[in-house]
Structures are given as C-alpha cells and as structure tokens.
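Chain IDs A, B, C, D and E follow the sequence of writing; residue 1 opens each chain.
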Amino acid sequence: MSEKRVTRLSRKLGASPGELIPVGIERDHTVHVSVFDYDAGGHCDVWEPAKLEEVVPLKETKTVSWINVDGIHEVPVIERLGQLFDIHPLILEDILHAGQRPKMEDLGKNLYIVLKMLTPGPGKSGVEWEQLSMIVGENFLLTFQEKPGGDFFDPVRERIRQDRGRIRKCGPDYLAHALIDVVVDNYFVVLEDIGDKVEALEDEIMAHPARDSLQKINHLKRGTLALRRAAWPLREVISSLQRSESALVTKDTQPYLKDVYDHTIQIMDTVDSFRDILGGMVEIYMSTLSNKMNEVMKMLTMIATVFIPLTFVVGVYGMNFDHMPELRWRWGYPLVMLVMALCAGGMLYYFRRKKWIE
Amino acid sequence: MSEKRVTRLSRKLGASPGELIPVGIERDHTVHVSVFDYDAGGHCDVWEPAKLEEVVPLKETKTVSWINVDGIHEVPVIERLGQLFDIHPLILEDILHAGQRPKMEDLGKNLYIVLKMLTPGPGKSGVEWEQLSMIVGENFLLTFQEKPGGDFFDPVRERIRQDRGRIRKCGPDYLAHALIDVVVDNYFVVLEDIGDKVEALEDEIMAHPARDSLQKINHLKRGTLALRRAAWPLREVISSLQRSESALVTKDTQPYLKDVYDHTIQIMDTVDSFRDILGGMVEIYMSTLSNKMNEVMKMLTMIATVFIPLTFVVGVYGMNFDHMPELRWRWGYPLVMLVMALCAGGMLYYFRRKKWIE
Amino acid sequence: MSEKRVTRLSRKLGASPGELIPVGIERDHTVHVSVFDYDAGGHCDVWEPAKLEEVVPLKETKTVSWINVDGIHEVPVIERLGQLFDIHPLILEDILHAGQRPKMEDLGKNLYIVLKMLTPGPGKSGVEWEQLSMIVGENFLLTFQEKPGGDFFDPVRERIRQDRGRIRKCGPDYLAHALIDVVVDNYFVVLEDIGDKVEALEDEIMAHPARDSLQKINHLKRGTLALRRAAWPLREVISSLQRSESALVTKDTQPYLKDVYDHTIQIMDTVDSFRDILGGMVEIYMSTLSNKMNEVMKMLTMIATVFIPLTFVVGVYGMNFDHMPELRWRWGYPLVMLVMALCAGGMLYYFRRKKWIE
Amino acid sequence: MSEKRVTRLSRKLGASPGELIPVGIERDHTVHVSVFDYDAGGHCDVWEPAKLEEVVPLKETKTVSWINVDGIHEVPVIERLGQLFDIHPLILEDILHAGQRPKMEDLGKNLYIVLKMLTPGPGKSGVEWEQLSMIVGENFLLTFQEKPGGDFFDPVRERIRQDRGRIRKCGPDYLAHALIDVVVDNYFVVLEDIGDKVEALEDEIMAHPARDSLQKINHLKRGTLALRRAAWPLREVISSLQRSESALVTKDTQPYLKDVYDHTIQIMDTVDSFRDILGGMVEIYMSTLSNKMNEVMKMLTMIATVFIPLTFVVGVYGMNFDHMPELRWRWGYPLVMLVMALCAGGMLYYFRRKKWIE
Amino acid sequence: MSEKRVTRLSRKLGASPGELIPVGIERDHTVHVSVFDYDAGGHCDVWEPAKLEEVVPLKETKTVSWINVDGIHEVPVIERLGQLFDIHPLILEDILHAGQRPKMEDLGKNLYIVLKMLTPGPGKSGVEWEQLSMIVGENFLLTFQEKPGGDFFDPVRERIRQDRGRIRKCGPDYLAHALIDVVVDNYFVVLEDIGDKVEALEDEIMAHPARDSLQKINHLKRGTLALRRAAWPLREVISSLQRSESALVTKDTQPYLKDVYDHTIQIMDTVDSFRDILGGMVEIYMSTLSNKMNEVMKMLTMIATVFIPLTFVVGVYGMNFDHMPELRWRWGYPLVMLVMALCAGGMLYYFRRKKWIE
C-alpha cells in the first residue's frame, strides 16, 4: 500500500544522497544470487556463485549472462555488485529503495530499468507488489528482485535451458524484454482477479447489498489504481526503450517491445473500464439503500394508515358518556365492526392501486 | 465483455512471443476461406480454395485478390497463410489473439490493420464485438474474422460482382477502405440501437422508475464505452493510414479515408452526448426515489397528524374517573364529536394550504 | 436531437461512398434556388433561375455570385449543381447528409465549409438545428440550406442590395464570412433563450421545486451541449480558414474572421458557465428535497412526541382495575388534565428551543 | 453576470461588422476624457480636453501621453478618437462591446489590450466587472473604461504626479503594465472578499446550516468562476505581451510583466483551492441534512418505541371482559405500573447503550 | 492557509513594483544571519556576522559561502543584502512576499529559486508552510527563510562540518540541491502524517462515523492540496534547473537533481492516491448515514407494526356496547391474549425472514 511506502521512506531523512540504506524492504531473508550464462551455440551454464567475485569474468565474455539477485536487504551484497559492475551510487540507492516509480535511465554503458511486479494478494487493494530493477549491459543482465522467494520467471528459465524460441539467439536486451513481457502478462492475471471480484461484487450488490459492499468497491478501486500506477509509467519505459538510440537495444528486439507496449495499452483500457464499472456500482449501491428505505417506509405507512383510524373508531365507543345511543343498539357492535372492515378494505385497495402491494 | 477478454488471456502466460496459441476465440467451428479475384477489366473470380496453396499465385498476379478467412481458431491454417504470405510471427500472434486494440502497423511490404466489428447483441453492454484483421499487400487483401458465420460485407461483395462504383477500378487499399467503411456504418447501427434504448429508458424512469433502471443505465453506459473503445483508436488508425507515406495507400483513396474519419468523429460526438444524457438520467432516477419517499412520508404524516390527537381526545373520555362532569352532560357526546370533526377539518385545510393534497 | 440523426443514418448502410442518398433531411418541400450577382460597381442582380443551367455562366464572370439552395431533398438538383460546378461526389454526399460535424476542407479550386444554424425551438433541448453547406469559389459562393423556408440571412441580403458596408467591395470569402457571422450571432440568440430559461428555472427551484424541475435542468443541459457541439468545431473551422494558405481567403477578410473567432470563444465561455450553474442547480434541487423531507419528519415527530405519551396517560386511567384510588379522588380528573397540559407545554418549549418551530 | 451580457448582445443581430453600436454598456452618464502628459524630465501636464481634437498633437510629441476615456456609451466620441488615432473599425467595435474576453492584438503600429476590472459587489456572484480597453502606441496610451465614475488607478496617477518609482522614466508600455498590475492587485481584493465569505459560510454550515446555504455556496462558486474567467485569459495576454516581438514592449518592462504573470498564476491557484473547498462544503451541507434527519428519526423512534408497547398494555387492562382476574387483585394496578416502568427503563438503557442518548 | 495569504496581500495595493514591503510574514522576531564558508580543502568556517558588510568579501573568495537569513521581516536587512549582492528589486520583492509559487528564474549572474518548506502542523489542513528563497551565485548561496526559528537543515550542516559525502567537494549548486533534497524529504514526512490520519479516519468512519468526520476528510484533502501545490511547481523548478544552460548548474549535479525530480513525482503519485482514497471515504460516510437511518427506521417500523394492530384489538374489547357477547364468555380474555400473541409471533417471524432481525 501507498501508506507503507511513505512510512518507511522517512527513516532516511537527512542522509546524503548515495548513502546506501535499504528502504521499504523485507529484512528477514538472505540474499540469493543465481547465474544463467548462455550463447547461441550449445553453451548454457546455470549456477549459484559462492562468492560475488565469481561473476566478474562474465562481464568480459561474449556469452550472455543473467545474474539474478533475489532480495535487496543485504546492502553490502548490492554495494559490492555495484562496484564490480561499475554502477553509479544513485542507481544503487534506487535499487535499494523499494518505492521507485517505473522508469528507464540510459547510463551510457548500460541501461537501468525499474518496474513493479504485481500479484493478486491479500490486503486492502488485493494487489501485492514487488520491485524489479534491471541493469542491461552489453553482454550481461543484472536483475534485482525486492523480495526473496519465488518469482514468475521460470518459463523464461525453461526457454533458455531448452533453447526454445529466439531467446538463446539474442542478447541481453531480448532477455530483458522477455522478463518485462512476463511481468506484463502477470498484470493480466491481476486484472482477471480484479475482474472476477468486480463481477462477484456486482451480483452481491444487486441481490444483498451488505454494509461493507461500498468498502469492497473502494478496495477494488485501489487495486485498479495500483495497476494503473504500475502500468502507466511502464508504458513510457517501454516506449523510451523502443525509441532509445542506445546501441544496447538492437533493432530486432524493437518489434517485440512494440508488442509489450500494446499490451500495456490494453491493460490501461481495461483498468479504465473497470473504474467506470466500479463508479456505476457506487451509484447502484446508494440507490439500493434508498430503495430499501422506501420499502420500510411503505410498510410502516400501510400499517399505520390502516390501523390508526380504526383505533380512533374503537376509542370513540370506549368513551364513557352517559348518553351514547349507539352503545345501546342491538346491532351497534357488528355494525361498527363491519364499517371498520370496509375502511380497512378500502385502504388496502387504494394501496394496491398505487402499486405498494404486489 | 472486458472481463472475458482478460480471463482468456492469462492462459498464454509464459509462452514465448511468436508462439501461436489462439487466445479468446470461439473454437467449435471450422475455418472457412473464400477468395475474390478481380481487376478493372471484366475479370472477376469468386471461389473457395480447397487447399491453402491455391491462393499463392494470387500474390504475383496483377489482379486484386481478397482472401477472407472466417474464424481464427485453427492455428495451422493461419500459420500456413502467414508462411505463404511472409507475415511476421508477432503479427500472426496478434491476429490469433482476439483482444487487440484497433491499430495500424506499417510492415514495409504490407500494412497490418486490426479493428472491431460491433453489432447490437445480448449481454450486459448490449454490444457484441468481433475482431477483424487485415493485411493490405500490393495486390492482395487478407482479412481474418474472429468468429465464423455471417458478416456484413455482402454489400461490398455485391459491388465487386456487379462492378458498381469505383471498387473494381481501384486497388486493395480502396477495398480495405470499403470494408472499414461498412464496419463504421455498422457502428451507427449500434448507436441507433443504444439511442432507442436510451429513449425508452428515459420514458420509463420518468413514469415508473423500476428497481433495475439504474442497472439498465449502467449497461447502456457500458455499451457506449464499448463503442468508444472501438471507435476512438480506429480514428487514429484511419488518420495514420491517411498520413501514411506507404506506397500501398494511393492518393485517390485518401479523400475516402477522410470521409470515414469524419464518421468516426461523429460517432464519438454522439457517444459523448449519450454519456451526458445517461449521467443526467442517474440524477433523475435518484431524485425520483427521494420524491417517492417524500410522498410516502407525507401520507403517513397526514394520517398520523389527523388521528393521533383525536385518539387522545377519545382516550380522555374513556377514563374512569368518578368525577368527570362532561360525561354526564346531555350533549357531551355530540359536542366532542363536533370538536373532533372541526380539528380534523382544520388539519386538512392546513395540509391543502401547504400543497400536500392536490 | 442526436438520436434522430443516428436513426436516419443507418438507412444508407452498405451503399458505396459517393452514391447520393439524402440522409436525415425533410422531404416534403421543393428545392428553391436563388441568385445574387453583384460587383463593387453598381451591378446587382437578384433572381431565381428557372433552370439550373442558367447559373453556369456565373462561374466565369468577374462578378461575385451567391447561389443559395434552400432544401437538399431533391438529389438530382444537388447532383446537377455538383456537375456544373465540378464538385467531388464525396462533398456532394456530405452536403446531402444532414448530420455533418462543422468542418472546412480545402479542395484546391474551392473551399468546402459546413456548419450548423441554431434557433431556439421546441423539443427536449430547446434548440433546433439546420445544416448549412458552403462552396467558396474564386468568384462564386454556393450555399445549401438543409431545410426549406426562412433563414436569417435577410440582413446580409439587404446589405448587398443597399451596398452598405464593405460587402459589395469584397469577394465571396467576405460574403461567406458575413453569413458565418450571422450564424454565430444567432448562437447568441440561442444563448439568451437558454439564459432566460436558466434564470426562470433557478427561481422556480428555490421557490417551488417541481417534480420535473430536474428534467428541465437536463433539457437545458442538452441545449448547451447542442450549442457546444455547434460552436466548438466551428471555432476550428474559422481558425483553419484564417490560417489557410488558400488564395481564396484574402488578407483583408482575415481580421473579420478573427472577430468571429473571438465570438465563438465567448460562446464557449458562456456555455461553460451555464453548465456550471446547471450543475449547481441539481445540487440545490436535491437538497431542497432533503429539506422538505426533514420538515415533514419534524412535523410528524412533533405530533407523535406530544400526543403518544398523553395517550398513554389517558390509557392508564381507562384501565378497569378495582383498586385505583386516583379514580375516586375529587380532583383526580382536573389534576391529570393539568399534568398532561404541562407535559405538552414542556415538549413544545423543547421544540422551540431546538428551533423546530419558528 | 453572464446572462446579462448575452441579453444585450443580440440587439446587434445582423449589423455589418464594423458598424459601431455600443453593446452591453451603461447609458445614463456622459463620457469623461482626461489626459496625463509627462516625460522623464520635469514635464507633467494633467488636463481634461474640452475638444477631442486637442489630444491629436500628443500623437507626435516625444512625451508619454495617457488619454483615459471614462465611459464608452457615446459612440461619436469613440469613433472620432478612432479616426484621430487611426484605429481599425473592428477594434473600435470591440471597445464598444463590453463583453470581450481578455485578449491582446498586435496591430503593427500599436497594441490592443482588453481586460476585466473586478471589484467586490452585490449580485449573485458577489463580483462586479468592468471592461478596460487599452491602445498602446509608440508614445501614447489610450484607455477606455466601460463604466464612468471612479476607478482604482489613483495610486498610479499619484506615482506619475510625484515622480515616484520608474514610471516617469519609462514609456507607455510600462504605464500599461502599471495599470494591469493595479487591476491584478484588485483581483486579490476580490479573492480576499470571497475568502472571507467562504470562511464565514464554512462556520455557518457547521453550526446552523440554513436553507439557502447551498445557494450561497453556488454564488461563491460563480464569483470564483468570474475571477477565473478574468484571470485565465489575462495570463495569456500578459504572456503574449512578454514574448511579443513588437518594438512597443521594451526589454526593461519584461521582468515587470513576468511579475504580473506570476501574480495571475497565484490567483488561479487560489481560485482552484477555493473551488475545492466549496466542493467539500456542498458535501458537508448534504451530510448535515442527513445527520439532522437521523436525529429527528431517532427521537421519533425512541418516543414511539417506549410508549407504543405501554399503551398496548394499558389498553389490555381497559378491556371490558367479565372474567379478567387481574383486575380484581388488590395489587394489580401498582404491579402493572411497575412492570411498565421496568419496560420503559429497559428501553432507555438499550438506547443509551446504542449511543442514541448522550 | 490560502485565505491568509490573500488577506495580507491586499495591504500592498497600489504600491509601485519594486517597493519593498514585507507581505504575509511573521513580524515579532529578529532576523538572524549565519554563514558557512568552506572549500574542498580543510577550510570550514562557521560564524554569525555582526554586521552585514562582513559577508561581502565572501562574494569574491574561491570558497563556497552559504549565507542563511532566518526571517524576512526586517526589510532593511534584506534590502542591504540585495544591494551588497546586486539583486534586482523585483526579486527582493518576491523574497519579502511570502506567498510565492515555487519557481526558478535564471538571472544571468545567479539563479533565483523559491520553494515551500512543509511541516505537519495544527490548523485546518494539518500542514504548515514556510517560504524558502535561494540565490545561487558562482561561489555563494544566499538562503532566506520566511519564519525565524528552527529549520531542518541540520543534517546538511553536519555533513559540511564533518566533510561527509560529496558536499565539501562541490559548488553552491550541489549545496542548493542538498537543501532542496532535505525539503523534499520532509514532504514525505508530511505525507506520512497525512497517511496516518487517513488510515485512522478510515477506521473511525467504518466503526463510529462522527458528525465531523466529513470535515476531517475535507481538512485532509486540503493537506494533500497544500502538498500538491508545493510539489507540483517544484517539479518544474527542478526540471528547469536540470535542463538549464546556466553555467551555475554543473554537469555533476544533474543526476542528483534527477533523483530529487523522481522524488517529487513519487509525492504527486501518493498525493493522487490519497485524494482517491479520501473521495471514496466521502461515499462511505454518506452511505453509513443512510445505513444508520435504515436501521432506525427498521426498528420503528417493527415496533409499530407489531403493536399498532394489537392496540386496535384491545381497543375493540374496550368498547362499551351493551351487546358484545365475547365479553361475557368465560375464556374470552385468554383467547384474545392468545390470538394477539400469535399475531405478534407471526410478525416477528416475518421480520426474521426478511432479515431485519439477526
């Protein structure tokens, strides 16, 4: 949630820019580094380096090397990698600070990309997010995942291992694209999840609007907002990658980036229509409350309108005047009962004609 | 609906880009291919090829060839056509994926256009959609319709067969324009359908606002949204076709494209005014609920205000005190009745003056 | 209204572009053609040609010729004029099709301008519209009015006849400007009409909000919308006329166009402020409903709060217990009456202090 | 108010552009012309010309001449001045027409500037406006004030007379800036006035929301709208003055214009925040109505819930059955009273627990 | 608050631009000047000059000098400094006028930057602001703080004193960046504060919506507005600093400015999501009022519906007719009581089925 991000940021207050303090990240796991090293020929190595220095030679080799860092809470690890791969301290600070807005920076020798991975999750917005930072170099790709533990890049790993599609034939830019593509595909999973909840909530509101329905609508709105805030700047990231004049983005990769770009536009479209639908649901909810009130009031009014006059009539004949001739009549009692029955019947007929009773 | 599109998309998760998996299309029909081959001279052939290879020579001939594929669920058919006509796998993927946003891509040798065909239909939004993909080549036009079965291109087919208008004299760009023109004309049919529903609903809300009126308004809003989402990007598609520097769009076709462009702007205008009207209807509906409540409350208040004091009065003379001289009076009873009648009359007069009773 | 326009358009479905079918026009009148032919010298001829061919020579003469066609329902008339003046079929189609959005097209030899003439009228929006198409040539001006019958160009005709102002000294571009100027001046008449209705409605809503007040607000909103949809694109039309590089728009006419341009901006400003005011009136209406309900409820509550407890008290002394010593007291009855009067008085005092009774 | 402006404009219908008819101005005063003639040396003449021709020589002299015309209702005066200073008839028409939108026009030899002077005033919006037109020439400044009577330029006049600040050292462009600066400073006075009313209204709505509170909010909204409509285009006017390539705006004056420009942006900012606050006040007002209704209903419900059951109980013992043993009991009456007291107490306890009674 | 700013501004009415009158500042403190003078070598002097003239030599030395003025209420001090450092009177006027919108002006020899320092505080918006003006020269930085007393630049002072980070190695542009960075970091503190209040209020509204909850929402909205109005123009300030061609902003500082720029975008994002959440809270509050009303009405209706008919029944047997055989029956009384119990039971069963009672 947005609040959380804010809360953590202020711990950094007054530190000099470039001082590395992890901000807004989970601390109780250990960093986990893994390497994929492959080329278009048969070569494909996968291992987990025991020491960070092991990965340095990869910078020089012709093979494509994907070094994935799972978890950004151990500052020395990130700092050391930054030194080994010669990354500007401000970029390292961004990598450590988990509240970045998706952006792309051309650093000359390499590109820095940061984006949000979303998954459906608990919490108010129903969306969990995790920051993914990438450094695209000439023949390596560094990725930093905010939270340790599983990611959704296994299909990409399989494609590399089994040499499926173009992935082994292309450079780190295509690999970066492949990861972004998977991230965006997962936005659709989140959209689906929200879509299902929207549909369920719509039915609920029509049938039995609950007291917390409106809050559920608001939480779904926040979910769509989270998506919009992840997808909208990502659109710009991809578009600037596409138009980038950097030699790091090859011409072959550009149509693929265009493809991902179109996906982000689709996401924005669907997000917008969800917001429209949710807006309409607020109105329906409010009108349902009014309708219910109307019904309660109709019931009260019917009961009161039928019985209050009758109660008055019986009250009249409960008076203790000495001279009330009706009281003495032989058929007075049945007559009064009959008159009252007619009154009540008339009232009910009137209500039926006004469509208050179906 | 948007939800559906989302639901289906996530099946593709993790596949490599360019792998052909039909997404979001109906599967239980067989693909149907038909060919129109004509030129400005008398030549006009219409047939359904038994084998896909039959259409290959059309690529080379000087005649204009329109190859229409009805249904995109048989991947091998699309894949084979893609090979035969040398289409980029990402474009084939877009053709198979029925959730594209209308767009135009200049592929150098040919143009790729994708758009939405809309028809009035059942469902929440009252609008059905179907994807139409076109590949415009130098002397051929490939069209892919998402759903098998009828389309609304028969008038175009008649114009080709009977050599009416300019269609036989022009190239595939004019044919593509003719199809887009028909698609946009059908947007007007959908607009009409929505317009009729809006008018009917407006009358209903003024006369007898039902409990589901608001939901009907919301469904109409979604219909206009569907139109907007089909027409808005189409506008850009046509505009970029017009301004395209591709040799595939001849100068003669440009005024016709301008014409279609103007139509899409008219559609957007009408859609916007519908949204305005629907917004106003929500307010009217809400105020009608309040008005009804006001009336129910007035009725209750009138009944209660007239009878509650009277009931008190008769209660007074129902008390059993030994010393209540009025009870002994000869004219006590008629007098009390008279007083009460005057009270009630005064109340009613007061209500009439306050305009509660007409 | 917008719905109407839509309804009629779909009749044309599938026709080839350039086929001339009048769309959305009134059919039960005959076309009426009139000619003004004048120059800066004393020459000024006004006549109604018996045959369309009579106007052909005007194309060649140096004099300025204004050929006005009243009514566009007789396709052959329009078609023949189109041939005589060499107008593209798509432009003729636009002239016949009465749902055009205001626009300007530079056709090289001449300019095509289409705009909306508005008058206050009956109907939901309170605004009637009529399409005016103009073809500005080197020395002629063709105008096509959608509906036969009166127009508001008589002041211009007088200025030509009496050689007032610059009109006889200038070319067809100035004449076209003069017509547009009159059209825009009439937008102010419509604005006034709406302004008067807005003011009247505002007073009504404050004094006696009626059940249909909200609908009246909505109809006024549609009127402003109609104005906005006529004036907004007209602004662009005039601005593109001004910036046009066509030799048909002389430099002398440009400041006059700028003047009309400023008028359209003033109209947009006023329209926007009307929409603001109407939006505020919806809120006032809604709150008036709530206020009324509050008052009804206060009345009911006062009556009930005063009399329900009293009715209970008299009920107590209407009980038939054998041993109720109060009933035997000499002053029991007056005492109870006094106590009840005090109760009621206390209640009323409480209500006055709470400002429920003024 | 906007309505007024509209009303008056239509009187002009059909007149040829450049015909001078005063539109929307007060007629019952006489025009008043005053002249300030000064230079950086000691020269400073102030007089009121008896004849308009007296001011003609000022056009040629090197001194700066400020000719102020108070009231624009005497067309011949304006027309004559127009001839004397060689002003285009369309500009004169704009000067006479008091509904201009603030704008700047570069007429080559001089600049035409029109803007709105605002003062707090009575009326629905609480803002009065008056049009100020300026013609900036090489060594003269013509100003036309819509309404005769006082203006707020006296401080400027004092600065000229007493040779304070830069004003005597600079040209007519600086003088024009000085006037605009005063006009904008008075916008702040209007803002303050609105701000005070907003604050007072806010307190009123929290304490005792009156029936017309909402209308007051709407009137304040109109006031902010009037400010926005005066300040927003003025911003553009000043910005185009600043960027103007005209030799009439000297380089020295530009930082001063920038300063005024910043002021208009501050005004827009404050106007926007007022609109936000007023929007929030509508919500508060509406919720206050609901809160009040809730309280009324609570009171009614409490009274009814306590006494209706009790009334039933006493009704039971008012029945006249022969065999009702309780009626004969010695302690029947006190027992019933005790039971009823306990019931009522229980009810009140329940209400307190539900926080209905504080 | 915005109102305050407005109120004070109008005191200046009619003064000539460049006349120095402090506007909108606190007057009851004395100005406090402090100097930091340092270079990349070991030199670092910190002192408070007794006379303003002491700081003049600093203009010429190669060391970086930071002259901080705490409080802007003593016009002569500011005026003298302006003379000493050769600052344009309009800039001095801006420094003295505490209602500036954040902006940057390139004055050639130096840069003028003005921005808002925000802190959480009491008051309606929960945000306090203070104006910070900076003059960046070649080797000096002048800062003017509106209000005397503490600021939050102590961490920067510590970094200078202890020679931590790059600050001693860089010029006054980096120092200015460092101060802006601290200011922006404090925006996050304000965001956090608002975020906490938003969360607390959200819980309160769900549990026990109070009468002033809506007002609290509005105050939080104003807080976010204050932030937005401080951060949005600051974004432009930083961006124009970055793109500035002035030699005063060195290339090394630019990535640091980019970093601060990204922070302001994050702030805008969070502000926007807060506004969204607050908007949703208004809806929840309103619906909670409706829900409460519904419940009150249900209770009233239940009580009335159960007891009113029963009261009628007991009224019937309280009538005094001579011939009412039921009254004489041995089991009449128990029978009536039984019938009434069944009625009441039936009603309650009906309410339970309708889910009115849980």
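FYI, a contact is a pair of C-beta atoms (placed from the backbone, for glycine too) under 8 Å apart; a residue touches a chain by one contact, two chains touch by 3 or more.
Note that this is a predicted model, so its numbers are computed, not measured.
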item: Starting at chain B, fewest touch steps before arriving at chain E; value: 2
item: Joint neighbours of chain E and chain C, given as chain labels; value: D
item: Approximate Å spacing (C-alpha centroids) for the pair chain A, chain D; value: 43
item: Between chain E and chain D, distance of the C-alpha-averaged centres to the nearest whole Å; value: 27
item: Set of chain A residues in contact with two or more other chains; value: 286, 290, 293, 297, 300, 304, 308, 311, 315, 318-320, 324
item: Graph class of chain-chain contacts, one of line, ring, star, complete, other; value: ring
item: Footprint of chain E on chain D - complex, ascending; value: 152, 154-156, 159, 164-167, 178, 181-182, 185-186, 188-189, 191-192, 195-196, 198-199, 206, 255-256, 258-259, 262, 265-266, 269-270, 273-274, 276-277, 280-281, 283-284, 286-287, 290-291, 293-294, 297-298, 300-301, 304-305, 308-309, 311-312, 315-316, 318-324
item: Contact footprint of chain D on chain E as seen in their complex; value: 2-3, 5-7, 9-10, 12-19, 88, 90, 93-94, 99-101, 103, 105, 211-212, 214-215, 217-218, 221-222, 225, 229, 282, 285-286, 289-290, 292-293, 296-297, 299-300, 303-304, 307-308, 310-311, 314-315, 317-320, 324, 326-333, 336-337
